[in-house]
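Here's the structure, in structure tokens; my notes come after.
For reference, chains read A, B, C, D and E in written order, and residue numbers begin at 1 within each chain.
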Amino acid sequence: MNANPYLPDMATVVEVIEETPNIKSFRLVLNDEEKMRSFSFKPGQVGQLSVFGAGESTFVINSSPTRMEYLQFSVMRVGEVTTRLHQLKAGDQVGVRAPLGKPFPVEDMQGKNILFIGGGIGMAPLRTLFTYMLDTRDDYQDITLLYGARSPVDLTYQAELPDWLAREDVKTVLCVDNEYPGWEHKVGLIPNILLEMNPSPEKTVAITCGPPIMIKFTLQALKKLNFADEQIITTLEKRMKCGVGICGRCNIGTQYVCLDGPVFTYAQLKELPSEL
Amino acid sequence: MERFITQDNLQRFAAGLAEKKNVLAPVASGGTTTFRRLRPGMQLDFSRMAVISPKDATFPRNETLLTVQHYPEESGKRMELQEHLPEGEMVVIGCRPCGTRGKLVFDPVYETQAIKDPYYIRRRDGATFITLACARPETTCFCHSVGSGPADEEGSDILLTAVEGGFVAKAVTEKGEQLLGDSLFEDAGAKAEEAAASNASARKLMGEAHDFSSAAEKLLKRFDDMDFWQTQSDKCISCGACTYMCPTCYCFNITDDEAGLVSRRLRTWDNCMSHTFTLEGSGHNPRSTKAHRLKNRMGHKFSYYPDLHGGQIACCGCGRCIKQCPAGVDIRQVVMAAQEYPDER
Amino acid sequence: MRIGVFICHCGSNIAGTVDCESVVEIAAGFPEVVYATDSMYTCSEPGQEGIITAIHEHNLDGVVVASCSPRMHEPTFRRAVERAGLNRYMFEMANIREHVSWIGKDKAHNTNKAADLVLMAVEKLRRNRPLVAKSFTTVKKVLVIGGGVAGIQAALDCADGGLDVVMVERDQSIGGKMAKLDKTFPTIDCSSCVLGPKMVDIAQHEKISLYACSEVESVSGYVGNFSVTIRRRATYVDWTKCTGCGVCTEKCPSKRSPDPFNEFLGTTTSINIPFPQAIPKKAAINPDTCMKLQKGKCGICAKVCPVGCIDYEQQDELVTVEVGAIVVATGYDLFDWHKYPQYGEGRYPDVITSLQYERLLSASGPTGGHIKRPSDGKEPKNVVFIQCVGSRDRSVDRPYCSGFCCMYTAKQAILTKDHIPDSQSFVFYMDIRAPGKGYDEFTRRAMEEYGAQYVRGRVAMIYPHGDQLIVRGADTLAGTQVEVPADLVVLATGVEASQGAVKLGETLRVVPDQFGFFVESHPKLKPVETNTAGVYLAGACQGPKDIPTSVGQGSAAAAKALGLLSKEQLESDPAVSKVNVNRCVGCQKCIDTCPFGAIKAVTDRMGRLKAEVIETVCQGCGICTVTCPQGAIQLEHFTDNQILAEVNALCPPKMNNVSFE
Amino acid sequence: MSAQDEQRELRIVGFLCNWCSYGGADTAGVARFIQPTDLRIIRVPCSGRIDPLFIVRALLNGADGVLVSGCHPRDCHYAEGNFYARRRLEMLKRFLPITGIDERRFEYTWVSASEGQRWQHVVTEFTRRIHELGPAPFFNPVSEEEWAKLALDGAARGASCACHG
Amino acid sequence: MSGEVSQLEELKAAIRGQLDSLDCVIGWEQGYDPLHATPLFIRSEADLERLTISPLAVHNPATYTTGFKGKKIGLVVRGCHSRSVIELLNEKLIERDEVVLFGLCCDGVVSQRKIRAALPADPGFVEAVELGKDELHITVAGEQATLKLQEVLADKCLHCAYPDPLVADVLIGEKHAPRQAASPACQDAFEALGNEEKLAFWQDTMSRCIRCYACRNVCPMCVCQDHCIATSRDHLWMSQENTPVENFMFQMIHVSHLTGRCTECGECERACPVDIPLMLLRRYMNKQVREVFGHQAGIALDKTPPLLTFQVEEARIKERDW
């Protein structure tokens, strides 16, 4: 971060990956080599990407701090800024303000079983932690990933899925909402598959992210599986502008998602006023 | 240090300052009085509290954060980013204690251990406030209910008190003291006592303060009671008069403009009462109705902010939001209603 | 985005008055332009290949071509960028030829303007998004409006090509002007012998339905799916029963009915069949002159009709047909020569029109093919033909050449000699226009073999002298004034747009030009298309034409219709309106203003009213977009943001961050 | 007006419907009807697509003139677009005087695809008119002097206008 | 004042009778001081007791109707308010069977601006207000002042042609004799200025605007609700920059969208916290609409706003010669 917190660092797009029809991943390198070398962040932290002339938008840094060749952001096309982001190609310039926000409590997770539950674009924040844990695999017990999307084409990170599936040190389960020709994995809604998988809450941390409706039912499922509120971690999304807790729109009561989040435990969320 | 200055000399003093610095002062035009940049020939208007607060001085309605120059690909140059930090000094003359205090609410947000907003800090540090104490409260005034008063000096560099024939000027800071060295100021003499008496009388005229002490807790308790908030927000029309007039409202928007190869990142006042404030790209809006938004505005000023910043209420009691609200929403009433609302129904 | 800009020289058409290299240089500095170049003819094969190569080499995702009017080559370039894998809507054109190089003299100004137009195109393109056409099925049926020779040809070609055809004819019989002609130039073959069989084919072709005495009332829908309402005028004869035996016409006591088929040279019966070869060969009553319909007395035709088909109570009938394409072949009318004072304004019965003369020449005409002048029935010896009556004359607002009068005048001079060997023809002409195959030879024959005397000059006046008329005019070649005694004067009246063309144009959304002729889509490249997709032009409704050209155009229009409807599915233009349901407040103002009924109200999951566009019906006019105050309905490819981007490109908003007040 | 001023181009924005007037401008081009070069044309499908606010935006951004042209009434390619346009544009034209923007800077007319000569005439006349009016004043004061003058004039009005209740 | 009191009682009785079947009834009560009224949302007998219909009760309740879509509410309406209701009905934005209209034959409401100008001290120091038949007796900063009601009436009331509700389910008070509308002298004077003066006026006046959108949000005919193009994220219509040109652009948007729809209730101007005389623009546009289309918004049911329809031959639009 610069002394002027509104001042982005210039970065160059080095690669654009078309993940799904409306999601692209962008790999960026800061133009200032020294800054790039010394850039440090923790899984779960976010960044503001600028397309100058269009504006800024917040995305989680979904590459792992253990792999610092580039910073990766996955962008779903919804509004004006994301549309302009989707027009970027390798070589184009963007602004980056990162890292912002608080990361996943990685230290607290060491030595525990980790259960990732991701839905759609919600896989982005999980990817950073998941790849981080793969790179520091010995610090954790069992790692399970349940990742679902509406249909097979809506699954992001297709290039990495075969590897994740093939690994023996993690259990990866994929699912889609309905049957599709050629689909060999699970079919059904994430909360139902989760119940079917029946993971034990014993020494386990569940990390979930996805669309609001999926989160709602996944939380219910986790409660049914006897996970305690403190064992459940999620990340929130809010409209943000400044990213540094000033501009006043991303607060839930006293908590600013850009500053105090986006990572919250379910226990913390329950303490907050209900304004999601 | 207390000095005296006649009404005419104050005008002269202000005009003199305006030759060297940006001076912001209440000026009458078009049937109203607003803070304007004092330019030669303009008269100070102290006859009423300016409808807009002086927060422009430290938090202007438009602030260019940065500009970007793009270059054509063939030129081999990459885009160039330029930060636009404010320069120069500003003197605000004739704001009231409440308006001056507004910036105090900004301080713990715009300057923290981790985050320092250089735009605000530079403007604040470059600003001098010559405040006019109030002689009589308006029906909408409640500064005494939020820890202030009609002659509150906090945040001011000089406090003026109207006396017979002119003003007594009290230096509050060193900066103020320096200004009072100007030859237009005379010895205050007995006028100082007249001023003190006037200030005391003003405080007395304000009567009893509202007790907002349980607001922080009660507003949180009301959070999920949408019936309460719907009723309270019935007459609100979701405009921004309250927030833009408010000396303490510090929320802003950041937008980009572009013209050809130049683009600009602009910070403008934003308004938490507007639907678009929290509208997300997906169409989802966590504060989708005016009831949600009024709840957040009240909560922010009287609960969340005090919670985070040592109990300080994020309101200076100037009453502009009440007086200028097209629908007459009374912030005092809403807080009181929340406090008085039975917990169990 | 990565935009490529291509500046076309168009030979010297653009480069002559625009510094194309400078425009390239300036354009290279426009936002998101990564490649700019110029080429001699961008629309040419190598020019298009250049675009395609550049798209690949420079990884372009948008293209601007600055050249001629998009009305000319937009489709060409769209196809080119499509070949390179881009969406055709990621393309914009700057018109620097028709709107710059051809109209401005100052090279510096032109260059500057060209650069501005490129900037506008770039700024719009930056807001373009790929649009994908939707497919829809078509009705394999064609409406042909007008049963003259052009319409007949179009209908027969369409029907032979396998399409169903509905032909609508305003008059009682098809055949048009050609059916009235005696012989045709330059072959002097019998007009009805040529046309007659084709008319019969129309009647007999199983794929053709003919509605005579009918007019198009209204048209709705869109290409491939028009819905046409036809008004069938009451004929007071049940045509499903009428056999065309003609008994009624023989017995009808009302014999003073005007005879339009014979150009009002004589009269006919109130119930009649216009001519023996009429198609359909059915009788119809002229209600204006029928005693039964006027006064309630008579009723003879009903009594004599062997099949009982007379129906005095018959009313107009509205019929709706669904068609996929429309061929307009409404022909022409004759100029009203009475506007000219010098020809007597109708005072002299022996001044007649050329078409009246055709009827006099025709064996089936009122005189049985004997040339008898109207005043006294005498055979004329001196016949004077006056050309350009209502052609090439600005004073009567007819500056254009009617094209075929020179030819038929020559023909009539020849026929006059054939009919009356001791006759002498005189032709007053301006220039002889005989550019067709065998045409010039034909006019020469009239002069050389048939002795017609051609006088180059305008006629100043005609005045009676005894039982003759004296035609006074100038002989501009001899430089003298001439006076020719005439037994009969034949005016080569010019062509004007058919009465009713303007009204029909409104119905079809086909624009008439200032003279009432329908405007084709492009004068060179799209001579039978109109600006309304699926509506084609044939024959003289588009401008004066002789028979072979009309027939050719009839076939051309038919080919267009066949080509259009040969596809199982058509693609709708995706540049149609689209509703952002998040912004729509359901006020339905767009529904009220849409001229096509292309927007409907639907209820969303929450029970709120929302507007929804029927994409195939939407024509892309954008009226709704302006109607909607919250900008919830946007015309794709012409969104508010796209147009505003152009406005802002031309009038850039100032960003001088003035101090607040 | 000096010869030099006459030389200087002013910013004139045209909004032309695709079917008639844009075609008319093309026709004028094809016929090589020489016209002043100040005008830049924005092509829209129909005059019914022209939001009067486009014109306002152009004028407020500093356009010296705005010319709108569509199909003649009854000749709209979309049947009714220019009927709506006529009402909208007429109201804008009538409204401009209250804003202090000279209404002569905006004009609307009808030119068909065949009327190349008429288009030449319209462009020539309108451009002449705009040159007679000269460059348009920009709405935002651009210099401190302009601000000062305005603010002072405003302040001079003082509290005089309380009647707007 | 007995007349008004009995009218108030009559009104209360009428409302009382329907209160049970309505979600709420919108009227007015005293606001933060005796000089100001504020909208009152009546849901109970206790609320009803606070109802006032004095000339201080200015707010147009029609503004709130679209927020109650699908619910049945009551409105206390004056003549000009009823015009807004009619226009909303004509535009299908509310349903007739979803509103019960308690009509007041209106003798005019005050302009707070005129009161401010007429008082010897800032109205912020008001202590007491007593309503006489034709006067206001106001105690302000210890001083007594008597203002003639006629002199502090809002401009719209001085020249009101429709003081009586044009649509109502219950009508309270006595109907007025027909009146002729007129434009205020101020309007005529402004219209008579030259372009340069007018432009300078707007440039300066618009520099006061803080873009709070009170004028928009208080307007009963601004029905875009939360989707105004001025605050949309697609920002090409306007920059968020608060400068005279952008501020004026917003007024142009407002006026343009109100063409033929503005019912001249004057709320925009009343609501403006910096006293921008917005009605200058609205009245002028309305005058043009009247001249060209013979149309006045909200004076008759089942009328289409003139820009949503057309005539093939426009009698009063003259084609300009070229």
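By our rule, contacts are C-beta pairs under 8 Å (C-beta built on N, C-alpha and C of every residue); 3 or more make two chains touch, one makes a residue touch a chain.
Note that this is a predicted model, so its numbers are computed, not measured.
Least step count on the touch graph, subunit C to subunit E: 1. Where touching is counted per the definition, the chains common to subunit A and subunit E are B, C.
Chain pairs B-D and B-E differ in how many C-beta pairs they share in contact, with the greater number at B-E. Centrality by Cα centroid goes to chain D. When every chain is reduced to the mean of its CA atoms, the largest separation from subunit C belongs to B. Between subunit D and subunit E the centroid-to-centroid distance comes to 33 Å (mean Cα coordinates, whole Å).
In whole angstrom, the spacing between the mean C-alpha positions of subunit A and subunit B is 39. With centres set at the average Cα position, the gap from subunit A to subunit D is 51 Å. In subunit D, the residues touching two or more other chains are 57, 61, 74, 80, 84, 88, 138, 140-141, 147, 151, 154, 157, 159, 161-162, 164. Looking at subunit C, one finds that residues 31, 582, 593, 627, 640, 644, 648, 652-654, 657-661 touch two or more other chains.
For subunit A, the set of residues that touch two or more other chains comprises 53, 79. Those residues of subunit C that touch subunit A in the complex are listed here as 1-2, 31, 59, 61, 129.
Against subunit D, the residues of subunit E that register as touching in their complex are 110-114, 116-117, 152-156, 184-186, 190-191, 195-205, 207, 237, 243-245, 248-249, 252-253, 255-256, 259-260, 266, 269-270, 275, 277, 279-281, 284-285, 288-289, 291-293, 306-307, 310-312, 314, 317, 319-320, 322.
Contacts from subunit B toward subunit E in the complex involve residues 29-32, 34, 47-49, 51-52, 61-62, 136, 138-141, 231, 234-235, 237-241, 243-245, 253, 255, 257, 266, 268-269, 271, 274-276, 279, 322-324, 326-330, 333. Only residues 24, 31-33, 35-39, 41, 43, 59, 63-64, 113, 117, 122, 124-126, 141, 204-205, 208, 210-214, 216-218, 225-226, 231-233, 235, 239-243, 267, 270-271, 273-277 of subunit E touch subunit B when the two sit together in their complex. Interface residues of subunit E facing subunit C in the complex, by the touch rule stated above, are 91-93, 204, 207-208, 223-225, 227-229, 232, 234, 236-237, 239, 241-245, 257, 304, 307-309.
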